[in-house]
C-alpha cells in the first residue's frame, strides 16, 4: 500500500538514513526496530512530511507521493504519533486533538461542543480519564502520549505511524492501545509500530523490519523470527561484547542521597553509590529517574532531604557547587541539556572547566584549545576542526563531546543519564568500556538507563524506580530482566 | 455536554474549573480595576460620570483599543509589531491627503483606503518576518523608523486641518449613537469580530497554536509562515483603520500622529493578559487593557494626582499585570500537575 | 581661516546704517521640523527674508522636540560655516554649550519663539510682550460679547506654566480698567495642554456657570478643544471664545461662527525678522547691544531692547475676513 | 585570514562599512573627517557606547533591557533634585547616582530572574515607571545651575586634541567589557546561556545570578551615561534621553548581536555605534533632510538582520553546490 524506496537523509555530516526501503500493507501491522539512532524517527518524520528525503521515492497504492509538509501527509491519510509529544501547552486537550480539523457548524464556525464530545469519545475508546477542556500544560508524559494517540486515532487514517507510543504507558493502557490499533488494522489501515519492547512487537505485528546505522537490514514475517534473531540483526554482533564489565574494588561511600523529595516528581529517595561501583537506576520512562539525578546535581531544586558527597553535605540548587565537589552529570537530552549546539567543540568541551582553565581570571585561547584537544583525542572525537560548532558533528561524536566535557573535570562521581542514547554500536561499546575503566579507577558511577541489557550488563547494583519512588535495590547477581521489569511496573514485592 | 461531565473524573475537573476561573478572573480583574478606578474618581468628582465625560472616556480608549486588538493578534503568535504607531501616522496623513485631493470622496472609501495602506505596511513586516525568517522585534523596530520617515518626508510642508476635512467625517468623530460614540462602535465591532474569529475559526485557533509552540505547529501541518504573515497584515490594517479614525477624532494633524504609541499598545496588550511569549490571552483582554490605561490617564488629574504620576502608574500597572499573570499561571500549573499525580 | 566669509566689504557702524552682505548662509533650526507653526515661520518668513538679501537659506532640525537632537544639528551647522543660526530652543540651557561653540566658530546666533539663556545667543526675537498678549485678548472677548458684558472664564494650560500665569495676571490688570467694568472673571481652569482634558474643562465651565458669556484660552491646545466643544454644542455663538490659536486649527470654528476673532503673532513675520536680525549681526550692522537699530525689510526699523531682545510687535488678530490668507 | 575568521564576518562587515563611510564622506562631503567632526561624533557616541557595552552582554544572554534611557532620565532628575537641595559635592553626587542606577537595574533583574518574567515585558514596564518617576521627581522643571567647571570639564578635550577626554573612560570600560565577554570564564558562560540556558545550567553556569548582575551593571552604566548627559547638556530634565533606548538597541543589533542571544561581539557593537553616529553626522553635513536620516537608520537596522540571513543562505547554497 505504502512503499518507500531508496530513501536517504542526512543532517549535515550525519547520515541518518541511507538507501532505506519499507513496505506497508493494508490490514497489516508492521514493526520497525533498531537501536537508538538507527534512523527510525527520521524515517517517521519523512513519512509525516516533516523532513524532505535527500533521495528516494514514496508511493502510495502505486501512485507517487510527494510530501512537502505535514499537511500533505495528513491529506494523504497518514497519521503520525511522534516520539516526542508535540502538544500546544496553552490549548485545551480537545483542541490539541482536533487542531486544524475542528468540527464545524454554520458559517464554518468551530463547534466546540461537538469537539469536546468527540474528544471524550476518543478518550473513552482509549479508556483514559482526561478532561477534554483542560489545557495540555502540566500533563504527564504518559497522558501527553495518550493525547497524541487520540489525535492520531481521530484521523481515521489509512496509515497509522506510531513512534514508541508505549514507552511511557502502563500495561493496561498498552493493551487498550493495541486493541484500538488492531481494530484499525482490521478495518484495512496499515500500521507502522516502533518500539524497543520485543514482547509488544511480537504481540502486535505481522512483519518486522530491522534497521541498523541508518540502513535497512531485513524484513521478515514475525512468525519466522525469534527475539534473539532480531537483536542480532539490530546490533550486528553478539550482545555480550557490548558490555565489557570489569570487576572493580568497591570502596567507600562516595555519593549518599537521603530522603530526597520533590513534590509532584519523586518522594523519599535514598541510596548510596560507592567508589568503584556502577549503580544503575532503572524504571519506565517518566518514573522520575532523571528528575532525581537533576536534583542531586543541583540543576533542579528539591523540597526535602539531603545529598552528601564524601560525607560532606552538598549545597542544594547549585550545579557549580556540585561540580566543585567532584560531581559530573551527562544529561539525557544531548541537544537540550548536554551541548550548546551553536558553540564550537572546544567551547563545549571546556565549559564546566572554564574557571580552572583560567589564569588570573583570564582565559587565553591556548589553554582551552589544549584541554579540548587532549580529551577529544582520548575519546577519538571525529571533528574537522575543534572550532566547528558541535551541531555539525554526528550524533555519536556529539555524545563523545559531552563525555569529554565531563571526564575532563576528573569527576569523583559520574552520573550518566541514558549515556548511549542515539550513538552507534561501536561507540556504545566504547562508552561502556569507558564507564568500566572509570569505575576501575575508583570513580562512583550512577547510570540511568532505559535499556535493560545495558542495565543488566553494566551495573553492580540496580535501583528501580516506580512512580517517583525507589521500588527495588537489586544486586548484580540477582538482577534479571524479570525482576527489574516487575519492580519497574510496580508489581515488585516491595 | 453530559458526556463530558461523565468522562471527566473529579480530580482533573477540579483543576480544569480552576483554569477556567483563572482565565475569567484575568479579564474580570481588569474590569474590576476599571470599575474601581471610575467609581473612586466619580466619588471625588461627580462630573466624571456625566454623559459627556463617559463619551470622552470611550473616545479616548477607542484608538488604543483598535491598535491593541491588532497587536494582540500578533503577540498571540509569539511576535510583536513595534511599527503600529508609525503605520497609524502614515495612514492618518494619507487620509487627510485624500480629503484634500478629492474633497467629495465617500467616507467608506477612505476607511478602506486607510486600512489598505496599513495592510500594505503590515505585509512588508510580515513578508520580512515570515519569508526572510528574521525576528519581529528587529524588523518592526526598523520599519518603525522607515514608516515614520516616509510619513515625515511626505508631510513636510503640508498640514491637514479641521477645515480641510468634511464636516460629516468630523461628525463621525464626535457624534454618538445612544450615548456611545460612533468611533467606539467601530472599535467594538473590530474587537468583537477579532475575538469571534480567534475563538471560533480554525485559522484563528492556529494562531494560538503557533504562539504556544511554533515547532509543534509546523509538525501539525499548520502553515506557520502564512498565518504569521496574515497576522501582521491584520495588525497593519487595524493600525491603518486607527489612523483614519484618528483623523475623524482630532481633525488637525501633522506627521507626528501616533508617535511613541507602540509602547502604549504593547503595554495595553500585556496589561490585558496576553502573554508576551504568545499562545494565550484574548483581544477582549487587550481592549480592556487599553481602556484601563486611558482611563487612568483621565482619572488621575481628576483625582488631583499630578499628571506626572501617570506614566509611573502605567509602568507599575504593567509590572503588576505580568506579575499577576505569572503567579496565576504558576498556581494553575501546580494544580493541574497535582490533578494528575494525586 | 573662515573661507565662507561673504564677499561684500561694507564697513558699518552700530547705528543702523550699512547694508547687509550678500551670500550669507542663514540656517533655521526649529524646535521640530515637522511642526506647521515652524514651517510657516521658517519657510514662509525666514526664507523670504533671506532671498531678499540674497543669502543662502536652509532649514534643518530634529524630528522630535528634544534639546539633545538640536545640539547635533547646531554642531553640524557650525561645521558647515553657517553665518547665522536662527534657533527656537527646546531647552534654555541644554543647547547653550553647542551654541557657544558655534559662535566661537564665527556664527551669529538669533533665537526666536523660544529663548535660551541670554549669554548663549546674540539676539532674541520676542514674538509679543505679556502686556500685548493680555491686552489683545481682553479686547477681543469684550468686542465679541458686546457692550452688555457678563461673566468670563479662562481655560489655561498647566497650573504652573510661568508664561500663562504672567498673562493671566496681566489680563486681570487689564480687566481693572474702567472700559472693561462690565466683564467679570469668574473662574480659571487648567486643561494641561491636553486635548481631552481641555475639552472636559470647557464643558465643566459651562455646566458650572450658567451665565457664562465668554471663554479666553491663551493656549493653542485649549482654544482648539474649547472651539470643538462649543461648535458641537447648543452654546455655539451664545458663548464667545477667544485666545491664542493657529489659523488652521481655528479656521473651521471661525467659519461656523463659534469664534469671531482670536490672536496670535504672525509666525511668518517672526521668521522674517529673525533672518534680518541675524543678517544685520553677521554684516556688522549691529552688535546686539541695547539701543542698536536695524531695518528688517518690509517690517521696517527695529531697536534692540534690554537683554538683547527684539520685539516683533503686538499680536495679530485673525478673523473671518483674513483667516484664509494664512496657512499654519 | 585566521584573524578575520576569528573576528566573525559581521564584525568585519561593520568595520568595513565604517571605513567606507569615513573615506567616501571625506572625499565627497566638506567637513567630514576634520578634528571638529570627530569631536562632535565622539560626544554623541559616548552615552550610547556607555550603555551599549552592558546591553550587549545582556542581549547575548538572550534578555533585553529597554529601560536604559528611562534610568538615564531618572538619574538626571534625581541628580538635579539633589543638587537643588544642596548636595554640592561632585563625588557624592556621582556616587549617589550610580547607586541609584544599580538599584534600578537590580529591580529589573529581580523581576526577570527571581520572578521569572520575560525581560521584554518587565523593562517596557520599568521604561514607563522610571520615566514617570523622573517626572515625579523634577516635574517639568529643568535644573541647570551647575558650576560651569563641572559642565565644561565633562566635555573638555584631551590636551592637544579635539576629542573629549571622557572618551578615555569609555575606552577603558570598553576594554574591560570586551575582556570580560571574550576572555574570561564569565564571558564563556554568557554565550552558553544565550544559546541554550538549560545546557548552560547543566554545565554549572549560574544563569539567574549572572543575569541579575548584568541588569545591575546595565543600570549602573545607564546612570553613568545620565551623569555625562546632564553635564554635557548642563541641564537635568525629566525627559533627558527620551527614546534613546531605541538608538542603543539599534546599535547593538546592527553590531551583529542576535536578539535571540548567544551571538555577537563587542567589536561589532562599538563599530556600529560609531558607524551610526558618523553616518548621521556625515549625512547631516551633506544637508540630507532629517527625515531621510530616519529612513536610513531603519533600513540599516533591517539590513543588519536580513543581511546575515541572506549571506548565510548564499553560503549554504554554495556549500551544497561544491561537493557536486
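Each chain gets a letter, A, B, C and D, in the order it is written, and its residues are counted from 1.
Following the convention adopted for this analysis, a residue touches a chain if its C-beta (ideal position, glycine included) is under 8 Å from a C-beta of that chain, and two chains touch if they have at least 3 such contacts.
These are the chains along with the protein names UniProt gives them: A = Sugar ABC transporter ATP-binding protein; B = Autoinducer 2 import system permease protein LsrC; D = Autoinducer 2 import system permease protein LsrD.
All values derive from a computational prediction rather than experimental measurement.
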Query: For the chain pairs B-C and B-D, which is connected through the larger number of C-beta pairs in contact?
result: B-D
Intercentroid distance (Cα basis), chain D paired with chain B, Å: 30
Task: Compute the distance, rounded to whole Å, between the mean C-alpha positions of chain B and chain C.
output: 38
- prompt: Cα centroid separation between chain A and chain D, in whole Å?
  reply: 44
Statement: Cα centroid separation, chain A vs chain C, in Å, comes to 76
Message: I need the residues of chain C touching at least two other chains; which ones are they?
response: 33-34, 63-64
Field: Residues of chain A touching at least two other chains
entry: none
- line: Residue numbers in chain D touching two or more further chains are 139-140, 243, 289-291, 294
Message: For this structure, enumerate the chain pairs that meet the touch criterion.
response: A-B, A-D, B-C, B-D, C-D
- line: The chain C residues in contact with chain D across the complex are 33-34, 58, 60-64, 66-68, 71-73, 75-76, 78-80, 91-97, 105, 158, 160
Query: Taking the complex as given, what residues does chain C use to touch chain B?
result: 32-36, 39, 43, 63-64, 192, 194-197, 199-200, 203-204, 207, 224, 228, 232, 248-249, 251-253, 255, 327-328
Query: For chain B, which residues are in contact with chain D within the complex?
result: 80, 128, 132-135, 137-139, 141-150, 152-153, 156, 260, 263, 266-267, 270, 276-277, 306, 308-319, 322-323, 326
Chain A residues within the chain D interface of the complex: 297, 299, 318-320, 322-323, 329, 331, 336-343, 347, 350-352, 354-355, 357-358, 361-364, 405
Statement: chain D residues touching chain B in their complex are 111, 115-118, 120-122, 124-133, 135-136, 139-140, 238, 243, 246, 249-250, 253, 259-260, 289-302, 304-306, 309-310
